[in-house]
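In what follows, a structure is listed as structure tokens, so that the remarks can point back to it.
All chains are identified by letter, namely A, B, C, D, E and F, in their written order; residue positions are counted from 1 within each chain.
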Amino acid sequence: MAAHFLFLALASSHAIASDPNQLQDFCVADLNSDVFANGFVCKDSKQAKAEDFFFSGLDKAGDTGNKVGSNVTLITVDQIPGLNTLGITLARLDFAPYGLIPPHTHPRATEILTVLEGTLYVGFVTSNPNNQLFIKVLHKGDVFVFPQGLIHFQFNHGKTNAVAISGLSSQNPGVILIPNAVFGTKPPISDDILAKAFQLDKKTIDWLQAQF
Amino acid sequence: MAAHFLFLALASSHAIASDPNQLQDFCVADLNSDVFANGFVCKDSKQAKAEDFFFSGLDKAGDTGNKVGSNVTLITVDQIPGLNTLGITLARLDFAPYGLIPPHTHPRATEILTVLEGTLYVGFVTSNPNNQLFIKVLHKGDVFVFPQGLIHFQFNHGKTNAVAISGLSSQNPGVILIPNAVFGTKPPISDDILAKAFQLDKKTIDWLQAQF
Amino acid sequence: MAAHFLFLALASSHAIASDPNQLQDFCVADLNSDVFANGFVCKDSKQAKAEDFFFSGLDKAGDTGNKVGSNVTLITVDQIPGLNTLGITLARLDFAPYGLIPPHTHPRATEILTVLEGTLYVGFVTSNPNNQLFIKVLHKGDVFVFPQGLIHFQFNHGKTNAVAISGLSSQNPGVILIPNAVFGTKPPISDDILAKAFQLDKKTIDWLQAQF
Amino acid sequence: MAAHFLFLALASSHAIASDPNQLQDFCVADLNSDVFANGFVCKDSKQAKAEDFFFSGLDKAGDTGNKVGSNVTLITVDQIPGLNTLGITLARLDFAPYGLIPPHTHPRATEILTVLEGTLYVGFVTSNPNNQLFIKVLHKGDVFVFPQGLIHFQFNHGKTNAVAISGLSSQNPGVILIPNAVFGTKPPISDDILAKAFQLDKKTIDWLQAQF
Amino acid sequence: MAAHFLFLALASSHAIASDPNQLQDFCVADLNSDVFANGFVCKDSKQAKAEDFFFSGLDKAGDTGNKVGSNVTLITVDQIPGLNTLGITLARLDFAPYGLIPPHTHPRATEILTVLEGTLYVGFVTSNPNNQLFIKVLHKGDVFVFPQGLIHFQFNHGKTNAVAISGLSSQNPGVILIPNAVFGTKPPISDDILAKAFQLDKKTIDWLQAQF
Amino acid sequence: MAAHFLFLALASSHAIASDPNQLQDFCVADLNSDVFANGFVCKDSKQAKAEDFFFSGLDKAGDTGNKVGSNVTLITVDQIPGLNTLGITLARLDFAPYGLIPPHTHPRATEILTVLEGTLYVGFVTSNPNNQLFIKVLHKGDVFVFPQGLIHFQFNHGKTNAVAISGLSSQNPGVILIPNAVFGTKPPISDDILAKAFQLDKKTIDWLQAQF
């Protein structure tokens, strides 16, 4: 449930480095339109106001009372309709001691992160065949980049809370949390397939699927 | 080893739907240049010849004698230097009975597949929070689309071999095989992190890491 | 008529290597909307289902009973609404003995082709001033690339049927069959212009225009 | 020869509406580098000077003493190295009385034209299956648009010279003159193929090929 | 007022070198739709006609009876709905003797200009920290490029009128006239801020704000 | 001098919302290569290491001891070569009491900002003809968006220091500080032009040019 909240928060996340270019100063998303487009259709620009480009509350810590002890607060086109067509978003990451943002990918964005408090052990993995792991311990003021589409994680291996701010290169990069997207789908992926993929017996797979 | 071959084959795979546009008729990759660029630098266009746009052998079945019973043969810019800047590639997929291409993503491409022989059970998973699984059984002549960056799999649940051809929307979309990119990295991801991410005890994680 | 069918089939064809990037997991085309956009507006994503990403029948040979003895079956956003925003499509090419797909261009896509049966004599022409012809004879399992926007053709110079599968780098690359787009327009291009362009007398032009 | 000059002039033409974006203020083409890229590699920006963005002579009429009585003078990245990465070019079109720019396409650009002197009869053709011809007579001060990749022509059907200026949306859109790219290739396209494509006897095809 | 007219003319200006690619032959803007998008939604393509790609009157001199003695007539998607999705536009620039187009930027386009009459003294400024000024005197037939987003100006330092034609690389590049966008905003920018930014006393700032 | 430092810091700034897409997992900039490209050529990917994606020190306040009382520390491809091709960057903004980042544009990026400490009075101006000013007072935790290419400013109108973090949508968006780019160019813009543009006498212009 708390975990569910984490994923909900993550869900309407990020922004892609190559969103299509804007064709006017701005195109404030009309979140109430019943016309759906690639991104959003816009409000009449005459109706745009400063509040369309504004959000309040990124100083509030997210709730880390979940299985993984982390939380992501995303400020995307869903929170700031003025971001529509502008190709970027911000996120706040909160970690309890030993909190983890599990291995995940952003299908439509690169992430650049800076640590505001605490220390983080972070890494990303190159694509096959190398599966090379790039890891780094980050302290306050350190910055690290996670290239678009690669699996990465952030882990607070310290005894205190950690906080980070990330920029992501799309108005909606999406996020795929590997454990949930593999073991927590609706409907579940057949345990024949997961057993073969992970070289595990079906019992372990069934147990895993029960967790997510 | 056989499995290794599978991943090697997968490695220099696919193509992205939004590779940057070409600025000349073609830019044949100079695979021997010591200048590295986004994509490849080109041979002098005066040296281009029909062979630069040609590959032979996609009618040959790939070796499915590996743990997962599948193989992917990719015809990318590494095989056809003329593909450089052109944003597409082809792949041949071979499956032994019950062969599986494990859950994977292409960070830089959408895939469109058609079945030439046999039947495949395929699916993809939407990004969080929904983790919705879209599944379909495909027979000879059926076509299915796997949107860019989403986790998907192809499974031969029939008693006979299966063969498919895919188009992918980049000269190098990349592939991330989830089990390998999580449990088979070099160096390994700390088992603290994977145990927490997958809610498994470290023993199981260590065992999994030994498999990949 | 049969020829007309060929061109109809070709018409709603292919996909461009640089379609704008998607801003969500997918944007299934709402083919019934009366709002027209660059590409298509989307169905509510909550209504998306596996069938939106599916097509059946690419194993069926197209009707080659037309003047040029060829047929193209295209699986585009019109057949698979889920392809909208994803920048790729597949096509099946059928050739009777000596069947020809006449010189044509795809204004918005590169094509990569592989031969499933028979042999094809294919070529493309560079842009002016060189007008250099790149030609190749393709056998089963051979692959060839036709760069975006260049004039190309595929000819079955064997005594048996030929079949090929192509990937194209747009959800709608378009196709321009040179003979039809020059001599078969509605209304016709003035024969003064065509006579001067092709250095032919008006009689021959008028005769040609009567053919298409 | 004169005609050859026309095509040479056309050859290093135009600019594409979606050239990749620049990543610095400018990237002046280093036309002497032996490193070839998508577009051009750049001079050291410290060496850039105003002359790199300058060309002189577009007020000079082009030589229309050729078979088609027209000429195109293009100011592209080859003439203005500063245009590299900037996605646009200009062209001057000159027409003798009854001069014609034959049916052609720009594989990588849209063209917008304005008439400075005389009158032009212009048109473009939609892609198959419609082959719809859009035509317009243009007088001094009129403007007309030719969408990217579509076949179009410009004909001076008046008794006086005509002059036009065009903008094109790439640093190198390319041009494909249909008659030359079909009947004037090196080596020639087999007359079997052209006879079948154009429904003409081989004699006429051979005669046509002799013209270009 | 006259000046106001100048800016109005400039307002619905230009075109960007990287407008998103088109996904069909054309997408004629439906300027009357109440659905707003990135760019414009399209008319049903069956309703498209040659007039949608046409404009008349670029031979008419613009009114230079304003404070700066210049005028810009832009032929954009607002004047030619067929330009929608095509990434380019044309402009006519008129200058009275000593007429000036004040320092301005096009946030979404590169400009390429050619002089038809008179002489112009033009320049652009690189981004910080260099603020390097590139200047050139242009005579009839000269061409000059102003890279996307950089501040530039065009000044007629001759005793006679001057006329130029520009191509710009977007269907709507926008224009930002520096003096107006700094001193003429509604509401005004606080004179505290402008005094500090320009190192001027508030009186001078207030006087400046009264001018625009 | 201090001011010079501010601009130097600003100079190698930001990232554009539509940098061209990457064609491999990453392309670490080879900052020592003598081959210049759009962006940077890459190091051999085999040589890439975690440090290429890392920067340390964003927790350090920038020096605000300059005329405008502000400083911008940018973490771009120049500081993190791994950012090359990835389309995003981060910046830290420091403000002394009443410190100002003067009106400026980013020609190649949208900016999204969040306040870490203090309060900021911020605004942006739409393009002509409206010159509409959008303003907002931001407190700790507030977020605001500045659309690509529009003039904007950030002012600390409180008695305490202020700190903000921004994401920008390019690896090198560039920055144009209006006062410096107008009055501080090398060589200076002619005072005839600036006097006419700003409706000021030449004495004031000369005085202004002496300031920058």
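The criterion applied here is as follows: a residue touches a chain if its C-beta (ideal position, glycine included) is under 8 Å from a C-beta of that chain, and two chains touch if they have at least 3 such contacts.
This structure is a prediction, so every number in the text was calculated from the model and none was measured.
J.: Give me the set of chains touching chain A intersected with the set touching chain E.
T.: Touching chain A as well as chain E, we find C, F.
J.: Contact counts by the stated rule: is the higher one at B-C or D-F?
T.: Of the two interfaces, B-C and D-F, more C-beta pairs touch across B-C.
J.: Which chain's mean C-alpha position is the greatest distance from chain A's?
T.: D
J.: Can you check whether chain A and chain B touch via the same residue numbers (shared by over half) or via different ones?
T.: same
J.: Counting only Cα atoms for the centres, state how far chain B is from chain D in Å.
T.: 39
J.: Using Cα averages as centroids, what's the distance between chain C and chain D in whole Å?
T.: Comparing mean C-alpha positions, chain D is 24 Å from chain C.
J.: Which residue numbers or ranges of chain E touch two or more of the other chains?
T.: 18-22, 25, 35, 37, 39, 107-108, 127, 135, 148-150, 174
J.: State which pairs of chains touch, listing all of them.
T.: According to the stated criterion, the contacting chain pairs are A-B, A-C, A-E, A-F, B-C, B-D, B-F, C-D, C-E, D-E, D-F, E-F.
J.: Please give the residue numbers of chain B that touch chain F in the complex, ascending.
T.: 16, 18-20, 35-39, 107-108, 170-172, 174
J.: Name, in rising order, each residue of chain C that touches chain D in their complex.
T.: So the residues of chain C in touch with chain D come to 4, 7-8, 10-11, 18, 67-68, 98, 100, 102-103, 105, 107-108, 121, 123, 125, 127-133, 135, 148-151, 153, 155, 157, 174-190, 192-194, 196-200, 204, 208, 211.
J.: Inside the complex, what are the residues of chain F that reach chain A?
T.: 15, 17-22, 25-26, 48-51, 53-60, 75, 80, 82-83, 86-90, 110-112, 114, 116, 124, 126-127, 134-136, 138-150, 165-169
J.: Spell out the residues on chain B that touch chain D in their complex, using ranges where they run on.
T.: Touch list, chain B to chain D: 20-25, 27, 30, 33, 35, 37, 39, 41-45, 85.
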